[in-house]
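First subunit A sits with subunit B, and in the next complex the same chain sits with subunit C.
This part shows the complex of A and B:
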C-alpha cells in the first residue's frame, strides 16, 4: 500500500478559513495596526489641503468591491469634512453614484451632517472614461451642467470658482478597475498636474503601486481593507475595516500554515515516490 | 425604526448568501436558484438603473432644462440609438459609426496617455541615483528597483540568446518576477478574505445583530 499522503479535502480548508474569519469578528482581539508610507502620503495630502478648498472624489466602484473600498472612501471623506473641504463627488462607474449617496446617508446616521450643495455635492455618473476626464480637465462645467438633483452648476455654492480640473486641490479616486484610478493618473496628473490619490482593491494594488514613484504620478495609495484600516487608525475613527483586520490577520495565518503543510506534504510525497520507484 | 421591507431585504440577503455559500460544499439546487435569481435581477435592475441614472440625467434632463446650451447632446443621443440598431439585422450597419468613433477616439487618446504615463513617466521614475536617499533601506529599495526593472526587461528581450552574461541577468529577472507574482498572490488572498469579512459582517451584524461597528 502506497504511503502517499492524499490532498486535504478543500471543504476542510473552507471551514478553517470561515472559522478563522468569523471568530475574530465576534471576539475582538485588537491586534495592532501599523501605518505604511503610502497611506501616510494620502493622509498628508488631505491634512495639508486648506479649509474651503474644492476637492474631487471619484467613485469608480460598485457593490461587488464594497467591503474593501467603501471603508476607504468613508475614512477619507470623514477626514476631508473635518478639514472643512468642499467635496465634489462624481463617478466613472454607474453604481458609484449610489455608493456616494450611501456614504453621506451613513454619515448622517452617525451625526455628521454636512450641508448638501455647500459642503458637498453629487455630480453623478459620466460615461466615456479617459475621454470624459480629458473634457473635465478642459472645462468641468461643460461636462457637468447639473448635479444629480437637477440643480444647475451655477446655483451650487460648493462649485463657485471651479472651472476646470486644475481648480481642485486634489482628486481622490476609489477604484475597482477600468475606468478608474489609472485614467485619473493619465489625465488628471500627467496632463493637468493635479495631485491624484485614492484607494483600490487589494487585487489591483500591485498594478497601480508603480504610479507611486519619484514622479508622484500618485500621491500615496490605499490598498484594500488594510489601507482603509490604516487610514481609520490615523484619523482616530475605527470603522468596519478596523473591525475586519483581526479576521484578516487570522485568515492569513491559516493560509500561511496551510501553504507550509502543503509544501511539507509535497516534498514528503516526492520522497516516497522516489523510494517506491527505487524499490520497483 | 426599521421598516418591514428593510427587515425582509436583510433576511433575503442572508438567505441568498447562504445559498451561494452552499456551493463550497457541492453544487446543489439552492445555489442554482440563487444564481438564476441573481442573473435575472441584475439584468432587470441594470435596465432600470441605466434609464434613471444614465440616460435621463445625462441626456433627457439637460435637453429639457436648457436645450440651447445642451443641443449638441443630440449627436451622442443619435449615435446611441445607432448602437441599438445592432438588434435588427437590416440596420446593423448603422452601429458601425458609433463603434468607429469610440475605437478611434479611445485609440488616439490611449496612445498619448499610455506613452506619457506608462513609458516616459515610468522610465523617468527609474532614472535616479540609488545612493541619494540617506537611509540604507531607501538606498536598498532604489537599487532593487533599478536592478529589477533592468533584469525584468532583459528577460523579455528575445533578440539575444539567454546565455552567458545575458543569461545570468535574465535569470535574476525571473527571480524578480517570481517575487512580484508572490506579492500579487498575497494581495489577491487579502482581497478575497476581505470580501468574506464583508459578508460575515453583514450576517453577524445586520442580520443577527451580534456585532456593532
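This part shows the complex of A and C:
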C-alpha cells in the first residue's frame, strides 16, 4: 500500500476559512493597527485642504466590493466633513450612486448631518469613462447640468465657483476596476494637474501602486480593508474595517498554514515516490 | 464603399483627436470636445443596447427551452421589476412617475427599489465576491508549491506580503525596534514598492506600447476586425 498522502478535502479547507473569518468577528481580538506611508499621504492631503474647499469624490465601485471599499470612503468622507470641505460626489459606475447615498444615510444615522446642497451634493452617474472625465475637466457644468434630485447646478451652493476640474482641491476615487482611479490619474492629474488619491481593493492595489511616485500622480493610496482600517485609526474613529482586520488577519494566517501543509505534503510525497521507485 | 467609408471616418476622427493633443488652436479643440461629447452619448445608448440584448438572448433561451432556461425567467423578471420600481417611485430622494410612494415607504421603511437593492442585490453581489476567499484558500493549498527556485521565491514573497498587509504582521514582529527593515509591514512595503512596482511598470509600458500599436493599426486600416471582418 502506497504511503502517498492524499490532499485535504476541499470542504475541510472551506470550513477552516469559515471558522477563521467568523470567530474573530464574534470574539474581538484587537490586533494592533499600524499606519503606512501611502495611507498617511491620503490623510495629509485631506488634512491640509482648507475648509470650504470643493472636493470631488468619485464612487467607482459597486456592492460586490463594498466590504473593502465602502469603509475607505466612509472614513475619508468623515474626515473631509470634519475639515468642513464641500463634498461633490459622482460615479463612473452606475451602482456608485447608491454607494454614495448609503454612506450619507449611514452618517445621518450616526448623528453626522451634513446639509445637502451646501456641505455635499450627489451629481450621479456619468457614462463614457475617461472621455467623460476629459469633458468634466474642460467644463464641469456642461457634463453635469443637474444633481440626482434634478436641482440645476446654478442653484447648488456647494458648486459655487466650480467650473472645471481644476476648481477642485483634490479628487478622491474609490475604485474597483475600469473606469476608475487609473482614468482619474490619466485625466485628473496628468491633464489638469489636480491632486488625485483614493482607494482600491487589496487585489488591485499592486497594479495601481506604480502611480504613487515622485511625480505624485497619485497622492497615496488606500489598499483594501487594511487601508481603510489604517485611515479609521488615523482619524480616531474605528469602523467596520477595524473590526474586519482581525478576521482578515486570521484568514491570511489560515491560508499560509494551508500553503505550508500543501508544501510539506508535496515534498513528503516526492520523497515516498522516489523511495518506491528505488525499491522497484 | 462599405469598408472604405468607415475606414476613412476612423482615420479622420483619430487624426483630429491626435492633432488636437498637439495643436491647441481652434478648430481642433472644439472638434475634439464635440467628438468626446458624442462618445458619452453613444456610451449611454450602449447601456440601452445591452439591456435589449439581455432581453433578446434570454427570451430566445426561454422560447427554445435551452438547458437551464428557467434561470432566464428569473433574470428577466428581476430586471423588469427593478426597472419598474425605479421608474414608478424613484430611488432614495429621487421622485418617480407616481411620486415618492409614501404609503409603501411606511410599510417597507424605504422605497421599493432601495428595499430590494439593500436587502437582495447588495448581499448577492457581496457574497459572490466573498466566495473568492474560499476558492483562493483551496487553490493556494493545491497550487502554491515550491517546486522550483523561482516558485520558492514567489512563495516567500507572498507569505511576507500576506502577513505584512494585515494586523497580524505588526503583532508578530512588534518586538523589533521602530523602523526596522525586518518588521513585517516594512518588509511587505519594500516588496510592494520596489520589486512589485518595477514588474508592474514593465507590464504597463509593454501594454501601453501594444495599445499604441493596435490603435495605429486601426487608424491606418490594417486592423479591420472591428468592421466585422476576419
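In this text, the second predicted complex is superposed on the first by the 280 of 280 C-alpha atoms of A that agree within 3 Å, B and C clash if a C-alpha of one lies under 4 Å from a C-alpha of the other, contacts with A are read in each partner's own complex, and residues count from 1 in each chain.
Quick note on the criterion: a contact is a pair of C-beta atoms (placed from the backbone, for glycine too) under 8 Å apart; a residue touches a chain by one contact, two chains touch by 3 or more.
Not measured: the values here are computed from a predicted model.
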Regarding the shared-chain residue A:277, is it in contact with subunit B (first), subunit C (second), both, or neither?
neither
For A:226, decide between first (touching subunit B), second (touching subunit C), both and neither.
both
Of the two partner chains, subunit B (first) and subunit C (second), which one does A:109 touch, if any: first, second, both, or neither?
neither
So, does A:186 touch the first partner subunit B, the second partner subunit C, both, or neither?
first
Report for A:132: first if it touches subunit B alone, second if subunit C alone, otherwise both or neither.
second
Scan A:253 for contacts with subunit B and subunit C and give back first, second, both or neither.
second
Would you sort A:14 into first (subunit B), second (subunit C), both or neither based on which partner it touches?
both
After lining up the shared chain so the two structures overlap, which partner does A:152 touch, if you call subunit B first and subunit C second: first, second, both or neither?
first
Tell me the contact category for A:215 with respect to subunit B and subunit C: first, second, both or neither.
first
Contact residues common to both interfaces of subunit A (with subunit B and with subunit C):
14, 17-18, 21, 65-67, 94, 126-127, 129, 131, 134, 148, 150, 202, 205-206, 210, 223-224, 226, 248, 251-252, 255
Show me the residue ranges of subunit B that touch subunit A in the complex, using the header's touch definition.
24-25, 49-50, 53-54, 57-58, 61-62, 65-66, 69-70, 105-106, 109-110, 113-114, 116-117, 121-122, 124-125, 128, 180, 183-184, 187-191, 193-201, 204, 210-211, 213
Complex contact set, residues of subunit A against subunit C:
7-8, 10, 13-14, 16-18, 21, 31-34, 36-37, 62-67, 94, 98, 101-102, 105, 126-129, 131-132, 134-135, 138, 143, 148-150, 202, 205-207, 209-210, 223-224, 226, 229, 245-246, 248-256, 258-259, 261-263, 266
Subunit A contacts subunit B in the complex at 11, 14, 17-18, 21-22, 25-26, 65-68, 94-95, 97, 124-127, 129-131, 134, 145-146, 148, 150, 152, 183, 185-187, 190-191, 201-203, 205-206, 210-211, 213-215, 217, 223-226, 239-240, 243-244, 247-248, 251-252, 255
The subunit C residues in contact with subunit A across the complex are 33, 36-37, 39-40, 43-44, 46-47, 91-95, 114, 117-118, 121-123, 125-126, 128-130, 133-134, 136-138, 140-142, 144-147, 155, 158-159, 162-163, 165-168, 170-171, 174, 185, 189, 192-193, 196-197, 200-201, 204
